[in-house]
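Below are two complexes that have subunit A in common, paired first with subunit B and then with subunit C.
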Partner chain A sequence: MKKNMMIPLFLFLTCYVLSFLIKDTISLELTNKNQAPSLSHLFGTDWLGRDMLLRTLKGIQLSITLGVVTALLSTSLGLLLSLLAIVHPYLDRMLSWLIDLFLSLPHLVTLILISFVLGGGFKGVVIGLMLTHWPAITRVLRAELLQLQTMPYIQISKQQGKGFWWRARHHFLPHLFPQLMVGFTLIFPHAILHEASITFLGFGLAAEQPAIGIILSESMQYLSSGMWWLAFFPGVTLLLMMLLFQRFANAFKHHLERDRSYEHYFNG
Partner chain B sequence: MLEITNLSFTLPNQQTLFQNVSVTLHQGEIVGISGASGLGKTTFAKVVTGYLPAESGEINCKRLKNTPHPIQLIWQHPEQAVNPKWRIRKVLEEAGPIDQELLEELQIPFEWLQRYPHQLSGGQLQRICIARCLLTDPSYIIADEMTTMLDPIAQAEIWQLITNHVQEKKIGLLIISHDRLLLDNLCEKIIDFRQYVKPLDDNSRNKHEGVRTHERTT
Partner chain C sequence: MKKFGFILLVIVVFALVGCNDKPTPETNAKADQANELTLAIGGEPEDGFDPTTGWGRYGSPLFQSTLLKQDSEMEVTYDLATDYQVSEDGLTWEVTLRDDATFSDGESVTADDVIFTYETAKKSQSVVDLADLENIDKKGDYQVAFHLSQPQSSFLYTLQRLGIVPEHAYTEDYAENPVGSGPYQLVEWRKGEQLIVEKNPHYYGNQPVFEKLTFLFSGEDQALAVAKAGEIDVLSVPITMANQEIAGMKQISLQSVDNRGVMLPYPEPTTNEEGEEVGNSVTSDPAIRKALNYAIDREAIVDGVLNGEGTVAYSSTDDLPWGSSEIAIEDADQERAEQILTDAGWERGEDNIFEKEGQKASMTLYYPSGDQMRQSLSLVFADLINEFGIEVITEGASWNEIEQEMHANPVMMGWGSHDPLELYSLYHSSMQGIDYYNANYYQNEQVDQYLDQAIHASTEEEANEYWKLAQWDGNTGMSTLGDAPWVWLVNLNHIYYVRENIKIGEQKVQPHGHGWPITDFITEWQVME
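What follows is the complex of A and B.
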């Protein structure tokens, strides 16, 4: 039980921390350019002779930071908005309209628009991703809250003089937690992939930032000349990191939702 | 003294459920309300305790902001009335600080407090709900079919506990029940709820078949 959770988390964090130890500048060795994977360069080298393993790790670090920040921001935004929706039916109508509006537009179009207006870069991409990924989770949370509100124990809580935020914290949050967790784990890889695609299109991160999206989009030009390792290894690494994270999130959810009936509430 | 005057309630489909209900309840008094299913007794209880807005009429007891309502309702189904994700301790603490003496009086062992609601039986859970209601220190209590799902022995036990407590603390108790014998035994006064309900015309009876099918001539 504990092992299921700790091993993926440990591997994930190791990769993440490891990438911080790498120097910011990866040396160019033009004599070693376009090398296939070997023992001295596990992931091969690119057209400038840069070691692809180091570049991938650096890229993963940036992508994970971006994914976590975005997923966190959009789930919190979703939670906040769905709570507002149950304050008053009027707010609920407004929110539903807003959700419909955002869902009716393709993610990528809105994302490009927002990111472009904000001038691109890390900030632009994060805000763009946050503003495009909240509607799905908000809709799920809102439905759950509307149902919870009709439960007798919520009405009793109200009648016992508890305020809205007290109820939100003690009654709603424990019930919403599984949805929040699932929403977070779904948005996280989604955000990274969208970041990669928007960068690929040229509206996202600047070319000198070593994000996975940049690495992949650059490698596209070299794929036809047989340099498969430029795209293969970064892609597989990204996939592995996603799987590790998903494993951890799943185990964590099970851990939090375990049957506590026979655990001691009081110390001792 | 709780005074309810000319209380009326209309359903969302514009049908009047009950009209001009007037009830007075003194502190320490036990009053019963009887009537067949679907007459609106539970809705009446919910209106009086502030769960639903009244259409017209006066209740001289209102809730102040951020304090428990002085009239507390005990629900028919205790398993719906407690948050399934909370331990009993938290359920009780929501109403107020836990009173050891009260728990002993209601025969709630301390050990139950660390359990989850699904680890208690219906009767045990109903006692928890009563304890929670009493912890808010109410002036009046409305017991809505409080013991319908219990066997006669458990019913007798619970009524004994609550009537003792009510008389001791001078709380007004309004009992809603089908069970005429129970009301005869417990109450000083019994109100027949049928007198406040307008007979349905044939038209709406067809539309809402089975809502009010009682004999009105008895």
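What follows is the complex of A and C.
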């Protein structure tokens, strides 16, 4: 069980840490441009002689940072909104309506709109992703909280005069923690893929940033001249990273949701 | 069962891919069956085909014809006109028209149409600059006299660029239904898709060989794929795609003045009347501007970024009659650049970047983010210059953003015209901050004077003399030898693939804009047997 979880996480983190060792500006070697993948350049080089492996790793680093930030923000937003929902039925109705509204719109369209209005760039993408990825987790949390509220121990706690925020901290949060973790791990790859796609479409990160979406959209112009490695390796790397994280997320979910009632028999 | 399904799927996919893999090009091109040509040269004109609003600036207006034109040696020859005379004071231009020219609807081209065209163009205040044109006299059915408010040598180029439109057929939607006296007439224009034209039976000039032309307006990749299937006779490709082999087509690489260079803000930081920031504390130092020009290795950029499909640029007018040949410098000379900087008091700091009185030699170079050529040039420029010791940070932005920044920051720009007026627009102080012209707020009184003299010269030779003096008179000038307000880098070659049996003849040095200029001599194209 542990192995399933740790190996993907380890690989994932290794890639991330490795990418920090690369300096920010990848040197241009015009004598070495348009090289197909070889031993000296595993992913080949682009039309300015930049090593594609380094560019891809840089892109992955940016993607992961962005993914973590947005996943954190969306989860926090979801938690906050779902807590508000149980304060008053009126707020709850409003929230449900908002969730339905956002879920009925295709993610990508809303995302493009928001990012475009905010002028794109890192900020635009992060805010856009945050505002489009909160509904699913909010709905789960809200349902969980509504159910929790009717629990006898919560009711007792309430009768004993504990305030709302006290209950939120001591009863709701610990109970919601597994849901939050699962929500976080699910939003994370989603956010990264969405970031790559809107950047690819030209509404996301600026052309300066070494994002995977930028690399992919640039390479489109070179595909017809046969430079397949410009798009292939970055795309596959992005996919692999997402799969690794998904593996980890699944294993982690199972780990959190395991039936603990028998554990003390085994552990003594 | 599942596994079997997967294998089947793989087989089907491979079979499909396999089918696509073998295109069967029709080796006998359309060109020799029905004297038709299919061209994919991009550049669909958004505003349509009205010369009075700018159509035909580059290449031939196709549907219309002009009074004068340039041959492949850039010499002025006659088109609709049979003669022109400039008065002693340079204020009156008398043009005699040929009397056998007719529009494609059969009406003849008269002095009234010429007058109508010039007056319409003047009123529309578009890219055609006719501010100095005071009035036009009709001297006869086939003779007009243009009266200018001051002598203007560049009027000669206006006569070459402005296609004559018919007064009787000039309606609201003329731009979409052009009628003119050019070699071809419009059959159908499906916006965003294609333009079909056929031979104008009334054309007075050389009869073109091709009865019908189809211009495709598809994306570059799409056009390339169609060309590979043998369906296109003339294809323009960006330099990045120049390494293609297309069966049955030959590659033609045309030299151009389609230049790219880094525009350096000239004055000290200040603000203009509109409150925009102007000037840059680093690039306002002539030593920095010169050092940049000497340190950069233009040859390496031509080889590296353009794959050799271009020429080094030392000015915006290389190889044009009004370009000066004296201003070429020996570049890639970092020692000299270092010398220039040290003489001006700059010293290398700890990080190898030059500094002077606490000011770091650092600048942000903007480029339009959608333009991959300018992006590559900017990145390579920054790389080479950073290595030398001046910090250049590149930043991609939309043209809207660049307009906000371009007076105070270096920008990767591109120009190149067959009209020397462009020199005036780029360097004369009266053009400061007008559109993209003289966006770096360059100003030199002596240069202004030469430019004024050039524009008001009465003969072409005299004008060219002054255009050259403005670049370098031995003492000052706007070229690298003088104030160096630009780092001109390269002229991009224009690359076309043309069916092997089509001969397009000699072309002149190509202007800015890749595509239409190749149609300039379309009436002279031949099919070889």
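Miscellaneous remarks
In this section, the second predicted complex is superposed on the first by the 238 of 268 C-alpha atoms of A that agree within 3 Å, B and C clash if a C-alpha of one lies under 4 Å from a C-alpha of the other, contacts with A are read in each partner's own complex, and residues count from 1 in each chain.
In the analysis below, contacts are C-beta pairs under 8 Å (C-beta built on N, C-alpha and C of every residue); 3 or more make two chains touch, one makes a residue touch a chain.
All values reported here derive from a predicted model rather than from experimental measurement.
Contact with neither subunit B nor subunit C is seen for A:F200 once the two complexes are overlaid on the shared chain. In the overlay built on the shared chain, the residue A:S224 is in contact with subunit C alone; subunit B does not reach it. Contact with subunit B, but none with subunit C, is seen for A:S261 once the two complexes are overlaid on the shared chain. Contact with subunit C, but none with subunit B, is seen for A:L48 once the two complexes are overlaid on the shared chain.
In the superposed model, A:I156 makes contact with subunit B only, not with subunit C. When both complexes are overlaid on chain A, the residue A:H171 reaches subunit B alone and has no touch with subunit C. Subunit A contributes residues 27-28, 30-31, 33, 47-49, 202, 206-208, 218, 220-225 to its touches with subunit C in the complex. Residue ranges on subunit A touching subunit B, taken from their complex, read 151-153, 155-157, 159-163, 170-171, 174-175, 260-261, 264-266. Residue ranges of subunit C in contact with subunit A, taken from their complex: 220-221, 224-225, 238, 240-241, 243-244, 300, 303-305, 369-370, 372, 375-376, 379-380, 383, 394-397.
Taken in their complex, subunit B has these residues touching subunit A: 49-51, 63, 65-69, 72-73, 75, 77, 80-83, 85-87, 89-90, 94-95, 113-116, 118-119, 136.
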